[in-house]
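Pasting the structures here.
Shared between the two complexes below is chain A, which pairs with chain B and chain C, respectively.
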Partner chain A sequence: MEGIKGAIKDALDFSDFPKSERIGIIIFYIYLLIFPWVVSSSFARAVMIQFLLFALYGMGWNTIGGYGGQVALGKAQYVGISAYTVAMMMILFNIPFWVSMPIGVFLAVLWSFMIGYPLFRLKGHYFAIATIAVSLVLQDIFRNWEFVGGERGLSLPFKGTPNFLYMQFKSDVYYYYFMLIFFTLGLFYMNWFRKSRLGYQLRAVKANEDVAASLGINVRWAKIKAYAIASAFVAVGGAFYAVYHMYIDTSSVMHLELSILIALMAMLGGAASLWGPIIGAAILVPLDRYLGSWIGGAKGLLGLDLIIYSIIIMLVAALEPRGIWGIVEKVRAKRG
Partner chain B sequence: MKILQVNNLVKRFEGVVANNNITFSIEENEIVGLIGPNGAGKTTLFNCIAGYHKPDKGKIFFNGKDITGWPPYQTNVEGIARTFQVIESGGDMSVKEEIMVGGFCRTSNRYLAMKEAVEIIEFMKLQDVQDMKLTELPVAQQKRVGLARALATKPQLFMLDEVAAGLTPSEIEEMKELIVNIQKKWNLTIFIIEHVMQLVMGISARVIVLDGGVKIAEGTPDEVAHNEEVIKAYLGERYAKVRKG
Partner chain C sequence: MGFFLDAITSGILMGLIFSLIALGLTIIFGVMNIVNFAHGEFLMVGMYIAYWCNVLIGLDPLFGLPFSIAAGILLGLASYYLLVRYLLRGPMIAQLFGTFGLMLFIRYLALFIWGPNFRTVSHGLLMGKSMLLGNVVVLDLSKVVPAIVSIIAFFIVSYVINNTKVGKALQATALDAEAASYMGIYADRMNALAWAIGGGTVGLAGGLMVNFWYITPEVGLLFVMIAFATVALGGFGSIKGAFYAGVIIGVIETLVGVKAPSFKFTIVYAAYFIIVVFRPQGLFGWKE
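Then we have the complex of A and B:
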């Protein structure tokens, strides 16, 4: 009981941030709350929903990638597992979202243990490459698997009338608030996580694995746990993606580009910081969407987005490896 | 009561026998020194006990329990803590946070880990630097942080690898006092590798001497210092110097 109370207190307590920053965050959050009333453009709302979704993805990645320092580049497979679970369960058995989502998350977490256990024998770049390889294989399997729609992908059946059980609404405002709730829960979870035992232990693992082990940390197991948490986060997002878009295929929910984008959000904003993934998503998602609408289909064709991502990675690596939040902290330290 | 028993320990690396058939034991609440020239196999012995190396032969018992080949985190949870010859940085963590990580070995309660860290920080006189990073500190304080974070795991057996290396004579005196105080306050058993004779000969009840991977002597500091083979190996000269000066 004490433990739960302490955890809730930690989750709601942001007092270690300076007052000016806390005020800024509150203003931003109020804006998120009233956004659908202020802006009615469906394009802007779609961008905002995607921002919340990617912020959630990024927060999840931040556990293993940021705090744990293990550059996982296969997170899309967990988005996909959960999205496919939700879609298939609805198509085959008419099972509501609220039942299939937890099952999708569960399957993603289960898969993450099966992948994490062998993969965390590897370190550094070898681990990163292995995560890419595994997710590419899984994507290939799904693309060639007729049972789950193969190349054509899956369309979710329309229920006709708005339906909360199946998460089908006329207005995107509902989707927006659904994502906002999960974004908020994710944020509170991460605020607890960074102060938790596992949060501290992961930072020790990232700094030096031999020292971490000398402090009673089962290094491999700590990584596996964080990897599972990250997978649960992105799986929630994946389940949402399926009911929001009503259509999924491997290139929308399992593609390598999605995995890279998830990692990039957190790295650009600031890995191993609470606000990093949110800042990263706030920059990259609109950039991606508006670029897409300006130059249309040519974007993917030209590989322009990939070029931009590479430039961002190089800039972050060269200027401030701790991302934008790293710059904020430097400025804060200089002020005194 | 024997806290540590090592039987016929052998550890080979390509071409080198770093530990060759080493047998010894340590009693509870003892301070035992481990000395020998560079490359004698001292750190390797620590690594075998703490689980960083798997011995090729031999057995290690801790409190009567066979811990041979256990992984490092498990030997730590069991009650063995060690420091590293080179103190590794804690990345983006502050000194206080690093010590808290040690505390998290025994509790998942952050407030408890924090309370214990504060206690250790005061004992180690690290209050002024607790919010700084390890890499920003002078060597003497880095060594203290290394001790502090390992202590936070509440060990029974505390193994120190060259904590006085790189310290000034007055810092060495402080370190000597600190180790004795740590032993008293937490009632620990201490196993200490040290090149600085003034320190190790001053606080150890017994000293074990390694040379070329072999245990060549064991006894009180005085016995060891007068042992022919030890003098031959390297010690006599240095110890004589310390006694004179």
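Then we have the complex of A and C:
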């Protein structure tokens, strides 16, 4: 009991951040709370839901990729596993979201252990490319598996009436607030995680694996655990994606570009910091969506939105590899 | 039996192209420890150059090869001097994303300029011609000649790297860039050289591939993944490894493709994963 109380206290305790950051996050959070009342455009709401979703993905990736320093690029497969679980269970057995989501997350975590065990024999580039390879194998299997819809993908059945159990609502405001709840829980978890034993172990592993091992840290096991936590995070997001969009296929929930986007947002915002993935998602998601809707649809400008997007990625990678949070910290260090 | 031999030979021929694509990637990795995501996009540009040479000035894809090589070299050098140089200061993940950004940039620039249509070169000296080998195996000339060119390219590149002064300097940089710089070898120039060779060889592969493959801005992704698998299977940085691994992957891909076409690349990735888990340095690798 004491342990749980302590963990909750840790999760809710943001007092080690500077005052400016605490005020910033409170203002931002109030904005998130009132957002649907201020903005009624359904496009803007969709963008915000996507932002929250990617912030959740990014926070999950941050455990293994940020704190642990392992370049895992196959996160989309866990999004896919849980999204497909939720969709299939609803189609076949009419099982509500709140039952199928934990099962989907469980399956994703189980798969992450099975894959993580051999995967973490590898390091550096070998690891990064192997994560991509596994993810591609799984995507190919799902794409050719008629049972789960194959190339056509899966459409979730409409329930007719708005339904909390199946997460089907008339207005996207409901989706927004449910996503905000997941996001908030994720944020509290990450706030606990960074102060937890595993969090410190991972930072030691990232700094120097040999030293970490000599201090008695089971390096491989720490990585596998963090990888499983990351998978659980993206699996929650994947389950939500399935009920929110009502349609999934391998290119929407298992594609390589989703994997890379997840890692990219966390890195762009600033890996290994609590705010990094949120900042990354807050910049990249709206940028992508608004560029896409302004330019992407225009005649004769096919691809221009992604050209701009890619230039930004290259600039950040070349000029400030620690991401936007790195710039903030630099400015702060200069001020003293 | 005839079908089996057919599959094996066409697998080897395709595999030699995979090897040539992977050659540049493995050299770049060997010299400076960078995985180039944009490698498939270099290939795509090489293909487009050959295509436009064919369409605009009626050049046969075979004679368009120098242009594809030149385009690849220029692209490699431009990428190095304008982007990769600055990425080197950052951690590995920033390097990955930097070249990933480059990949998106080149791909969507191609989409912007040339549109999403599939294009093919329809007339060429090699197309539609074939020869018989021992009355059993039919060899498609549009694949045989590219495979032979690929072998020649491997010979030239290995000769240059093993037997010339500049090649030895390149190897020295690959082994230990800092020590090499004490010996008066500019790492910066060697890196640029690696990108030039990498771009040139993959441009050549692109020029060869228009003989039998369609061209779209998206064509790079599939081949960059195969090239990753090839390089990792052969061992990062190993030229010999890339050569044999490409052939192995070509044969696996074709054999599986006969029975289960939609899984032919799945098997390649799965094989890569299994091999690399048991032998992380690849078949011929020397670099951890």
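Just so we're on the same page, the second predicted complex is superposed on the first by the 316 of 336 C-alpha atoms of A that agree within 3 Å, B and C clash if a C-alpha of one lies under 4 Å from a C-alpha of the other, contacts with A are read in each partner's own complex, and residues count from 1 in each chain.
We take it that a residue touches a chain if its C-beta (ideal position, glycine included) is under 8 Å from a C-beta of that chain, and two chains touch if they have at least 3 such contacts.
Quick caveat, the model's predicted, so the values are computed rather than measured.
A.B. asks: Answer with first, second, both or neither: which of chain B and chain C does A:L136 touch in the superposed model?
C.D. replies: second
A.B. asks: Could you look at A:I313 and tell me whether it touches chain B, chain C, both or neither (first, second, both, neither)?
C.D. replies: second
A.B. asks: Looking at the overlay, does A:V211 come into contact with chain B only (first), chain C only (second), both, or neither?
C.D. replies: In the superposition, A:V211 contacts chain B only.
A.B. asks: Quick check for you: in the superposed arrangement, does A:V219 touch first (chain B), second (chain C), both or neither?
C.D. replies: The first partner, chain B, only.
A.B. asks: Check the residue A:D10 against both partner chains and state whether it touches chain B (first), chain C (second), both, or neither.
C.D. replies: first
A.B. asks: So, A:Y200: does it touch chain B (first), chain C (second), both, or neither?
C.D. replies: first
A.B. asks: Looking at A:H245 after the superposition, I want to know if it touches chain B, chain C, both of them or none. Which is it: first, second, both, neither?
C.D. replies: Once the two structures are laid over each other on A, A:H245 reaches no partner at all.
A.B. asks: Quick check: in the complex, which residue numbers of chain A touch chain B?
C.D. replies: For this pair, the touching residues of chain A are 2-3, 6, 10, 195-197, 200-201, 203-204, 206-208, 210-219, 272, 322.
A.B. asks: What part of chain C is in contact with chain A in the complex they form?
C.D. replies: For this pair, the touching residues of chain C are 29, 33, 35, 83, 86-87, 89-98, 100-105, 107-109, 111-112, 115-116, 217, 221, 225, 228-229, 232, 236, 262-263, 265-266, 269-270, 272-273, 276-277, 280, 288.
A.B. asks: Residues of chain B touching chain A in their complex?
C.D. replies: Spelled out, the residues of chain B in touch with chain A are 50-52, 71-74, 76-77, 81-82, 84, 88-93, 97-98, 100-102, 104-111, 113, 149-150, 152-153.
A.B. asks: For a test of understanding, state which residues of chain A touch chain C in their complex under the given definition.
C.D. replies: On the chain A side, the touching residues are 65, 71, 73, 118-119, 121-126, 128-130, 132-134, 136-137, 140-141, 143-144, 256, 260, 263-264, 267-268, 271, 301-304, 306-307, 309-314, 316-319, 321.
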